[in-house]
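Note that chain A is present in both complexes that follow, paired respectively with chain B and with chain C.
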Partner chain A sequence: MERTRDKILPVTIILAALVVVWYVGAVMLNAPFQRDLDRRGDVTRGTVEFLQATLSQPKPTLPAPHQVAQNFVENTFLRKVSSNRSLVYHAWITLSSTLLGFAFGTALGIAIAVGIVHFISLDRSLMPWIIASQTIPILAIAPMVIVVFAAIGVTGIIPKALISIYLSFFPVVVGMVKGLRSPELTHLDLMHTYNASAAQTFWKLRVPASVPFLFASMKVGVAASLVGAIVAELPTGAVAGIGSKLLQGSYYSQSIDMWAALVAGSVVAVLLVTLVGLAGRITETMMGARPA
Partner chain B sequence: MTGNTPTVVEAKRLGLTFETGDGPVQALSDVDLSIGKGEFVSFIGPSGCGKTTFLRVIADLEQPTAGTISVNGMSPREARENRAYGYVFQAAALFPWRTIDRNVALPLEIMGISKAERGERIRRTMDLVNLTGFEKKYPWQLSGGMQQRASIARALAFDADLLLMDEPFGALDEIVRDHLNEQLLELWARTEKTICFVTHSIPEAVYLSTRIVVMSPRPGRVTDVIDSTLPRERPLDIRETPEFLAIAARVRDGLRAGHSYEE
Partner chain C sequence: MSAQANSTIPAWRSLAAVALAVVIAAFVLHTLDSSAFVAERKGAGLTLAVAVWFLAWWGNASLSYWRPKSPLLARLRDGFVALSFGLVLLFLWEVLVRLFEVPFILLPPPSAIGVRIASSIPILAADVYQTIFKAVLAGYLIGCCSGFAVAILADRFLFLRRGLLPIGNMVSALPIIGVAPIMVMWFGFDWQSKAAVVTIMTFFPMLVNTVAGLTASGQMERDLMRTYASGYWQSLFKLRLPAAAPFIFNALKINSTLALIGAIVAEFFGTPVVGMGFRISTEVGRMNIDMVWAEIAVAALIGSVFYGVIALIERGVTFWHPSVRGGQA
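Right, the complex of A and B next:
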């Protein structure tokens, strides 16, 4: 009951409001075209009929929620997953490069953070570059990376995963630097009184203390990684993946397909972030965290 | 102090000046003190008198800027490297991701003590601080007093002869504190360790100590050293005896003479 009141209800209300706004928007955006069409076809409709027509165009400016939902369900659950039209198939293509990029991005992020925490020279030399790296718009970098790699014969998952790495290592670096530096002074003093080596302090104090920070930054990282994979699918007209589905949709004005692909991407993002969050919670429970 | 007890801590004209943004702050000045084996020495004084700093100098957590200090005849650094002391902080400072027994095991792991021996020492020290049965609890599942006992167990686990305690019971309520004071005396009698104990409570200092070092701030210095005439065996109600009250009065006088509270 409390869960319904505190969590589900507020979210549902916002969702309902968004759907209403969406329908209103769809009517407003699609109405001019429908009016034009009706005038040329010399059709006269009542208000209700006209509204229905604006919400069921095959290539609307803004598809109505039910159109997107229908398309999404059809292409997700009713098609063979091996089909080129299946959203599951495209989502898997994007997901595989997301996960590859995320895994390497996280590993790279942790490695850099460990270096930065242990060597002041790395902190000074590397950190400004890492921050600068994130100010470059990914939309400008992604096509170049894809094209350059294609020129030397590397295509497919590797260049896509590279973009994901590029986007996901950053939050992990920032989070882990903070996490590895999070132990209290008293804990560090304590290790000092035991004459603990740097390695012992690292493994027994800094690493366990950084775990909550790691999962928090991995949540951001995995979402960024997905964005990277989708962006990487856009420029060279990749044949498969959520990104290519978006691109094809825009080429052929298949706005409903585009929106359905967008929904598929969002579902994947929600799943990934939820999974990372869950893994974090399980890990922290195993490490004796006080139940919230 | 009798001449034939070995000296554990020996400070001569010890000084420590912190460089701060507002200029130098003299935390310790001209501290002369020698602590013999098996003594229970309390350091008492208002905040800023350098009592904690002195403890941290013994522990090689701060570096003195003047004078000399030796711990077990060595420099504090060498003493630390030889794991000569156990340090108990004001906060229990247990690792939240370790159960109590694994917290006690921490120094043993770092010192490379075998697993079998670790189990044995954990059992013994947990018994010493009356925490048997709580080995598998996480720190947050224990009360503040129990957490502090666990941190004492951790400091005792590797059998250092010197125990440095920095206001270990400062954050606890008085009933728990009384109880822990009693237990600490008992533990001290059983283990015959040398204990340096920082506190700002006069009754606590008088009840526990064989010697009380009264300190005063700006600059941090020793203003009085009081040898306790109380017997080693001390029930809690010794605090009502005239002898106890006389020592407490002298400590209070020392504190008053050393600095003015009006500042």
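Right, the complex of A and C next:
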């Protein structure tokens, strides 16, 4: 009951308000074109009829929510998955490179973090450059990465996954360095009194302590991976994937398709983050953490 | 442990190693100019390059254990270690690319990129003006200010906070960059559409962080303000906003990178014939990879400066925060 009042109700009302704003915006943005169209076609409409017309244009400036929903449902559930108009097909293309990049990015991030925690010279020399590496707007050069790899004959999933790796390793490094250093001095001293070796301290104290940090940064990393995969699909003549769907939509002004692709990308993002969060919670429960 | 043992190595020995590395590096770079050397002495070149890398690495490693007494020297040491690591990377990049004659399209040597930057400063300046000073700055200001304003509103009205915060948190995981084509459709090809993308991208991090920051002040301090009979706005400006400053600056820093990326990517969907994103995508098409790298270098530099300026302002504003005063936060 309390949960309904404090959490679900406010979110629902705000979301409903957003939908209303969306409808109003759709009417306002589509009205000039519709008026123009009616004048040329010599059509006179009543107010209600006019509003309906603004909300059902084939290529509206701002598609109404129900148009987007209809397009999304049509292309997700009613089409064959193998059809290249199916959003499931495009989402899968994007998802596969996201997951590949995310897996390697996380592994790389953990490896670098372990190195940084164990070797002080790596900490001093590598860390500033890892931070500097993120000032390079990699998303901005994604087209170059794709084209360059295409020039030497590497195409398909690997260049896209590379961009996802680049984007997802950084949050993992930062989170894991923090996590591996999170055991307090007293805990480290305790391990010392047990005469624990460096490896034992690592596996029995540092690794368990870093698990919550790992999953928190993996959530950030997986979202970044998805963005990387989507942007990586923008160049290269755009064959398949959510990014290419966006680009095609923008070429042909298929605004409804564009919005539906955006919704598909968002659904994938929410699913991925939720899954990582769930995996984190299960792991922590299995390790004996008390639910917060 | 090992830090203690190694601190006996005097700093000058590490510096000597680094100096030796510099000499060998200069020699290698000099000999690389002769094509005969590149053709016949790959092994020798590689050995020398590895020697430079090893010397610099050893020098840096032992220098990191050096514990100078004055904090200025310590900071100098950190800067030196980081800088020399970067220079070694650049050196290895240059030598390996030229020694093994990596195709120019794949990876141009840094020297070629430097030459390209120097020779096309007017173009780069025009691109920076279009992308950074028009699109990024406008969008960044609008996005951060509106995010801040909505955060204050959300703080004032509990209902709004409960409704907006989960949505804001969720949005941060979404690929917002995807709105770029829609914004280009709405606002046209010029900088306004890019500013719109940047606005949307920067709005939510600012909202979420500011709302989180406004709850950062302690209950005791808030009670104290109440005993002073201060109103909502007084306690907001004198207690809660200053306490929220680290969070707000965190958002400003996150947004500085997001803004740059948003503007450049939005330019892929259509722009006038100037701008960093436009230049990158067209020069890739013409296989002028060195120009692309030049734009990247400029973007990275501007991104770092942007970030650095915010960090400097943060140090000035949050002078009271433990992390600035040199303690442990």
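Definition applied: the second predicted complex is superposed on the first by the 289 of 292 C-alpha atoms of A that agree within 3 Å, B and C clash if a C-alpha of one lies under 4 Å from a C-alpha of the other, contacts with A are read in each partner's own complex, and residues count from 1 in each chain.
Please note the rule applied: a residue touches a chain if its C-beta (ideal position, glycine included) is under 8 Å from a C-beta of that chain, and two chains touch if they have at least 3 such contacts.
This structure is a prediction, so every number in the text was calculated from the model and none was measured.
*Asks:* Which holds for A:S250: it touches chain B only (first), chain C only (second), both, or neither?
*Replies:* second
*Asks:* Counting only touches as set out at the top, which of chain B and chain C does A:V273 meet: first, second, both, neither?
*Replies:* Second partner only.
*Asks:* Quick one: is A:V48 in contact with chain B, with chain C, with both, or with neither? Answer first, second, both or neither.
*Replies:* A:V48 sits against neither chain B nor chain C.
*Asks:* Does chain B (first) or chain C (second) touch A:Y194, or do both, or does neither?
*Replies:* First partner only, chain B.
*Asks:* Quick one: is A:L78 in contact with chain B, with chain C, with both, or with neither? Answer first, second, both or neither.
*Replies:* Neither chain B nor chain C is touched by A:L78.
*Asks:* Across the complex, what residues on chain C touch chain A?
*Replies:* Within the complex, chain C contacts chain A at residues 3, 57, 60-61, 64-65, 78, 81-82, 84-86, 89, 103, 105-106, 159-160, 162-164, 166-167, 170, 172-175, 177-179, 181-182, 184-186, 257, 260-261, 264-265, 268-270, 276-277, 280-281, 284-285, 287, 289, 292, 296, 299-300, 303-304, 307.
*Asks:* Given the complex with chain C, which residues does chain A contribute to the contact?
*Replies:* Within the complex, chain A touches chain C at residues 6-7, 10-11, 13-15, 29, 61-62, 119-121, 123-126, 128-129, 132, 134-137, 139-141, 143-144, 147-148, 151-152, 219, 223, 226-227, 230-231, 234-235, 242-243, 246-247, 249-250, 253, 255, 258-259, 261-262, 265-266, 269-270, 272-273.
*Asks:* What part of chain A is in contact with chain B in the complex they form?
*Replies:* 184, 186-187, 189-196, 200, 204-205, 208, 211, 287-290
*Asks:* Any idea which chain B residues touch chain A in the complex?
*Replies:* So the residues of chain B in touch with chain A come to 59-61, 80-81, 83, 85-87, 89, 91, 93, 95-99, 106-107, 109-111, 138, 140.
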